[in-house]
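Some structures are shown below for you to check.
Next come two complexes built around chain A: one with chain B, the other with chain C.
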Partner chain A sequence: MTNLAKRIFYKELVSYRKRSSTYLSPIVFFLITIALYPLALSNDPADLSFLAPGITWICVLLSTLLSIQNIFNEDFEDGTLDIFFSLRVSTLSLIILKILVNWIFSSLPIIILSSTVIFLLFLPSEGLVILLTSLFLGTPVISLFGALAGALSLGKSSILGPAIVLPLSLPILIMGTSSVTSFLNGENPSFYFLMMLAIFIFLLPLICYACIGALRLHYE
Partner chain B sequence: MLKVDNLSYAYTDKYLFENLNLYLDIKTITKVSGSNGSGKTTFLKNISGILQDYEGEILFLNENIKDIFSPNIFYAGHKNGFKDNLTVEENLKNDLRNPKFDLDKIKNYLSDFGCEVSFSTSLGNYSEGQKKKILLSLFACVKADLYVLDEPFSNLDDEGIDCLNEIFWQKTSEGSSIVFTSHENQGKSSQEINIDDFKND
Partner chain C sequence: MNRTFNSLKNFYHKLGSSPWFYRISGITIPYIALFSFLFLFIGIVWGVFFSPTDFKQGDVYRIIYIHVPAASVSQAIYYTMTVAAVVSMIWRMKMAGIFIKSMAPIGASFTFLALISGSIWGQPTWGTWWIWDARLTSTLVLFIFYIAIVSLYSSFSEKKSADQAVSILTLVGAVNLPIIKKSVDWWNTLHQPASIKFTESSSISTEMLYPLIISIFGFYLVVLLSGLMAMRAEIAKREINKEWFKNY
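== the complex of A and B ==
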């Protein structure tokens, strides 16, 4: 079984690497939007550094949306899901693997790139660690919602995915930005971090089982 | 090997087939025929355990198919499970149905099929017939107790059909069984069932 999981993981890596649009378009989208804010809003460092946490989080949320909803769609269209089920691959481990690989390709590059905001949006450099930590804790939750949206919207219109993910992600957006602003105001951000971690731990099993149910709907 | 007992499958309130009985011994080739939309693919998905919300019972090697942890069944649907943006070799190497990837063996089968492919080219560049031959070469390489093939003869040229019949014979002489669907008169089989006979209207 672990051998099979390893092979699925490797296959996912290979096919993501070949499908450059799924990880390049969020990166390009993120860089473009984050670079437009200073041009459109103001070039005053004080204004920008005040807005930086919120802008970064909004851009991260929107750019991960670009790739996240297709998490199961391709496997459904080309028959790979049929093969998974005929081989009795455990649906739970399949979903966890898919979410993990999707996070590595769609969120991780953006988290790393978001360190550029200290130059583009004049985020005070001591806030960078807090921003990155909040992204590391928050984006996995967004990936979970994305997987649920992907499983529910299999073979349906692409607007359904964002319509499910965006409202669900709002608490994460609020906590992510609040953690950075509260740190910059001299408060302790650990409350927000613990909250986001707790949300992730709480949602992981729930969403995985919801995904199993949603995928099974297409096999009934 | 496979025993299907009173199998019925309903798709949104309407039964595709009802009370279907079938017994498959080892070393048999079974052809499933029927008109378009009669439920041939659904029946194949039932016996390979992909669709499990059927009525009736399916026993594979005397065990309920739903309870078997990992049945040794090779399933090839009409969606082939390959990804167009990967190369032929990446597709075959990473195919989960194929535990041991043997490039030479696959190359031999491909040349038997009369199919010249470059292993480092994206699969999307090939025609449906060539993709079918690649899939069937994979089928020829994998050892399983039961092979479930959906429309293996479609898109094949005469050379491919002869070659596939030859592989079928070879697989059964090794002790495996094959179930396949076809709506044309292609493929030699030792028994045939028509899904249309199990319609109740």
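== the complex of A and C ==
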């Protein structure tokens, strides 16, 4: 089983590396949207540093939306999913691996890139660690919702994905931005971190089983 | 004990049969229509014309007889949809799918009515159409949820998989709505120290309360009525080629 999991993981990594557009487009999108905010709102460093946590979180949320269609679509179209469902392997571990690889390719680069907001949006540099921690804890949950939306809207119109993911991600958005703002106001942000972690642990099995159920619908 | 359980089980099985439901709902709909009209008429006329004027808000408060029932109904519909989603997931009962499909647009409309009547009420009393208050925000999220369910349903061509997909989304939404509600509450306390409180429902006088209760009852009956009619239409749509429907 662990051997198979390793192979699936490797296969996912290879297939993501081959389709460079799937992991490049969120990065490009993130940088462009980050650049739009100062142009539209104000170029005053004081304003921007106040808005920086929220802007970063919104941009991260929107750019991860770009990749949710990729989680299952390719495997659905070329028949890989059929084989996985007919094999006697645990589909649960398959789903978890797919979500993990998707997170590595779509969220991790953006999290690393988002450290540039201390220059671009003048985020106070002591808040950076908190922002990165909140992103590390929050983006896996968004990936879970993305996987569910991708599984439900497999081969369907792409507006469905955002319509499902965005309302579900509201708590993460609130806690992610609140953790940074409360830290910058001199409070302890650990409450928000623990809540995000709790939401992730609570939702992980639930969403994975929901994903399996949603994927099976396309094979009935 | 055993007999009541058996009759309950019987009722449940009958509920799953679309010919039975179609027949029974056809018989009951006129009565429900009559009662819903009666309750709604009495509640709203009593509330709007005969209940005393509020000493603080004046006559504006009378929109409460639309707003509170609509808000209450909008949440109750989601709860019933959650129950139906569980039934549909576990027992694959096709009537549960029909129920969710028919109730989602109704829920969306009543949530919309609650939002609109709330903002019409808010304009004269708070001086603004909209405020990012915790309750308003979570109602807005509920509205978006209903829309997402409706649009997910319409994206499937196969009815059976559409029912299952919508059940999954309804359940995930039901798990998440309390989290969203709670986090919106925290967010609100962080960003906006309690500026407006409108929880005076406990101090409402009985002359205002009775018409409100009647009006709430009327709203629930209207939901029941429109739900039954929508479900009948959906059954007719799905089973138009079945033998029982042709002979009906």
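In the analysis below, the second predicted complex is superposed on the first by the 220 of 220 C-alpha atoms of A that agree within 3 Å, B and C clash if a C-alpha of one lies under 4 Å from a C-alpha of the other, contacts with A are read in each partner's own complex, and residues count from 1 in each chain.
Assume a contact is a pair of C-beta atoms (placed from the backbone, for glycine too) under 8 Å apart; a residue touches a chain by one contact, two chains touch by 3 or more.
Because the structure is a prediction, the values reported are computed rather than measured.
J.: Answer with first, second, both or neither: which of chain B and chain C does A:186 touch in the superposed model?
T.: neither
J.: Where does A:178 make contact in the superposed view: on chain B (first), on chain C (second), on both, or on neither?
T.: A:178 sits against chain C, while chain B stays out of touch.
J.: Once the structures are superposed on A, label A:88 by its partner contacts, choosing first (chain B), second (chain C), both or neither.
T.: first
J.: Just checking: does A:153 make contact with chain B only, chain C only, both, or neither of them? Give me first, second, both or neither.
T.: second
J.: Which partner does A:168 contact after superposing on A: first (chain B), second (chain C), both, neither?
T.: In the superposition, A:168 touches chain C alone.
J.: Count the residues of chain A touched by chain B and by chain C, then name the partner with the higher count.
T.: In the superposed model, C touches more residues of chain A.
J.: Look at A:210 in the shared chain and tell me whether it touches chain B only, chain C only, both, or neither; answer first, second, both or neither.
T.: second
J.: Return first, second, both or neither, reflecting whether A:74 touches chain B, chain C, both chains, or no partner chain.
T.: A:74 contacts chain B only, not chain C.
J.: Using the superposition described at the top, list the residues of chain A that contact chain B and also contact chain C.
T.: Common to the two interfaces on chain A: residues 220.
J.: Under the definition above, what is the set of chain C residues touching chain A in their complex?
T.: Checking each residue of chain C against chain A gives 89, 141, 144-145, 147-148, 151-152, 155-156, 158, 160-161, 164-165, 168-169, 171-173, 175-176, 179-180, 182-184, 186-187, 190.
J.: Along chain A, where are the residues that touch chain B in the complex?
T.: For this pair, the touching residues of chain A are 4, 7-8, 10-11, 14-15, 18-19, 74, 77-80, 82-89, 219-220.
J.: Contact residues on chain A for chain C in the complex?
T.: Residues in contact with chain C: 148, 152-153, 156-157, 159-160, 163-164, 166-168, 170-171, 174-175, 178, 181-182, 195, 199, 203, 206-207, 210, 213-214, 217-218, 220.
J.: Quick one: in the complex, what on chain B touches chain A?
T.: These residues of chain B touch chain A: 45, 48-53, 68-71, 73, 75, 77-86, 90, 94-97, 148.
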